[in-house]
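Chain IDs A, B and C follow the sequence of writing; residue 1 opens each chain.
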């Protein structure tokens, strides 16, 4: 269990020339394209309102684009629900707290493995594997998740997202709303996922940390593609980028 | 008031209250899980009671065996209502939902009166009409049977919600439908089934209520009031707390009935409702949060 | 990570910004500003003249139009603008009717003298209802208004001074003939309809109206912005109740007999909600158009339904209400902004899954 997908088995996730918005007359994304390369960490950066989170919503299936397509390998998944995408190996770690607070840790994990519900043995194995991976959760597994501290809850969210051993991980603002001490822990965990060779799309406001992890970086501005390139091309430009965004 | 009267009131009140738990459960479930206040709850309840009356009194079928078919009928009706109405309303504002369900209430009530008129009806409980006596305390068998059946149903619902993975999915969906969608729970399908279970429970509530009370399609709002009181006291979506709240209301009603003339028990119960509303203030705190 | 301080970009979630922007944006075909006032003046003008020239049957129909118009204009303030649906229209009209009937029976007051007490009675009842429930979320308020209608009936049924379940007869000591009497009721209601429309117009164009709309759109946000939501809602409820009360007073004298089950029934709530929903919630002209449509529809059903046969069996009168219920569902599903809403403005619709 939890042997990470290697680059050769993971398909490429592609956002192809997508236009999208929340109301029938607004445009939040205007012809945005990006690729999530197998086995690599792809970071999406940009100032407020540039369309980062909306791109992730389109990739995860919460927002159907008006134009353009989302593809996983050879398959067009533009109109698939988040659940159907999960079944194909695309898992999402949403922004902010997303545990079910009144459910126990155990139940939270089991719901993460909801798609295994017809295979009791595999479900139990998956839960055990996650409790092995995050041993801090094991002794408190029957406590309600609402009682967890911010850091513990984040680990539970990681566990719930990883429990089906997804091929592609979509991670939205992993450190937002966390105490500074915990932020480092979160990026440590992300580093571990990178070492395991997982395919990750990281949408982040923490530019330094994200670029530190990323293999490839996209930046968005006003809902359009702005810059893109390998990490090395960005490392030197960070300060000027941030200054530019702050003045927007 | 003698001790015997009090004991009688307590016993009868708890049995009646058990039935009240059944009367309220559908409302509580739909409100707790789907955040929809089903104004048509009591109309369905009385419709269920009338169908039950037709089966038992009209066709002479066994009262105990006819409870399940009525509940299943309610479930199927709930699926239809969800497909035709609820799923479209659920995404809209509270007031649109309320308009739709008020309309549904009027439709169901009108159809009930068109078929069965506004006569007050009593189910012919046949072999359940005995009264058991323990040391001067009389307890109608029908009331015991209705309360026991209700308790069994509510305990089963409680076990389903707390001990099964699907039950956890229902509770998770109630807490955060978006994350539920994210982990692959089919929120649409599950909502439809839960709504149908809520309607089935309303119809079931009508059958057990009709075992212990006469009923009248015009006065179904009375049962909406009772169910609402139980829901406010018991909180949302929990079968056991709904049962306890129902028993409390039942006891309150019978004990107050000993102290004051019959018609004033209504007022006492409404006073209780007003107090419960003021104390619990379930209101704005229950706004649903969307995280992704 | 390096330990040196780094510039940190904090941001509000982009969705919030997008949503707030879209909420504020109204789009659609706008009619010229003079159209609605002209429609209102035409309706009121026609009603003002028609009372003098029509026969008695038509006068009764038009009296119903005005009765609905008065109550619906008042109801629309909280129910339409504020988004707090109130299924207890009968509570306020009933309080007014009973106050008027009681004063008339007990002290021989004339109809004119009962208007103010009827309004006060309805306002007092609305304050009780409002204080108990307006801090709650709108759907709790709505269900409570249904329950409260039933409670009001129970209370009146058990109050001997109000005639108990037998009801009260109400006599008007006057030497007017039948037509004169009918005109008296008609023009009393007409006066209140004009007043209610003027009030609705001013609320529609005032900060009070915007506060109510803000509550309807997003109550927590309105609260944060400094709208005293409970007090705004309470004021809207009270104004609506006052109009319900005076309409109830006229109703009591017009019918000459009131009893609890008929007075405190949800039928009036259904009619009033339909008037506003069909005409257009949260528009000041909507209730006027809706009142005309609903009364015409109900008259037509009253004539049409008894002629129907279903396999040789007559269709019961309840079919009227069935049609009204279905109509309400249809409007809730498809035409939420009512007839006026179709022409005035269209709200941006959220299109996420």
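The rule we apply is simple: a residue touches a chain if its C-beta (ideal position, glycine included) is under 8 Å from a C-beta of that chain, and two chains touch if they have at least 3 such contacts.
Everything numeric in this text was worked out from a predicted model, so none of it was measured.
For chain C, the chain with the farthest CA centroid is A. More inter-chain C-beta contacts link the pair B-C than the other of A-B and B-C. Comparing each chain's Cα centroid with the centroid of every protein Cα atom identifies chain B as the most central. Rounded to a whole number, the gap between the C-alpha centres of chain A and chain C is 49 angstrom.
One inter-chain figure worth recording: chain A and chain B are separated by 43 Å, centre to centre, where each centre is the mean of the chain's CA atoms.
One finds 30 Å separating the Cα centroids of chain B and chain C. Chain contacts: chain A has residues 57, 62, 81, 95 touching two or more partner chains.
Of all residues in chain B, none touches two or more other chains.
Chain C makes touch with chain B in their complex at residues 83-85, 87, 132-133, 135-140, 142-144, 146-147, 149-151, 154-155, 157-158, 216, 219-220, 266, 269-270, 273, 277, 281, 315-316, 318-319, 321-322, 324-329, 331-333, 336.
The residues of chain B lying in touch with chain A in their complex are 165-166, 168-169, 171-172, 175-176, 178-186, 291-292. Chain B contributes residues 37, 39, 85, 88-89, 92-100, 102-107, 109-111, 113-114, 117, 219, 221-222, 224-225, 228, 263-264, 266-267, 270, 273-274, 277-278, 281-284, 286-287 to its touches with chain C in the complex. Those residues of chain A that touch chain B in the complex are listed here as 57, 60, 62, 81-83, 86-87, 92, 94-103, 107-108, 110-112, 114-115, 117, 160, 172.
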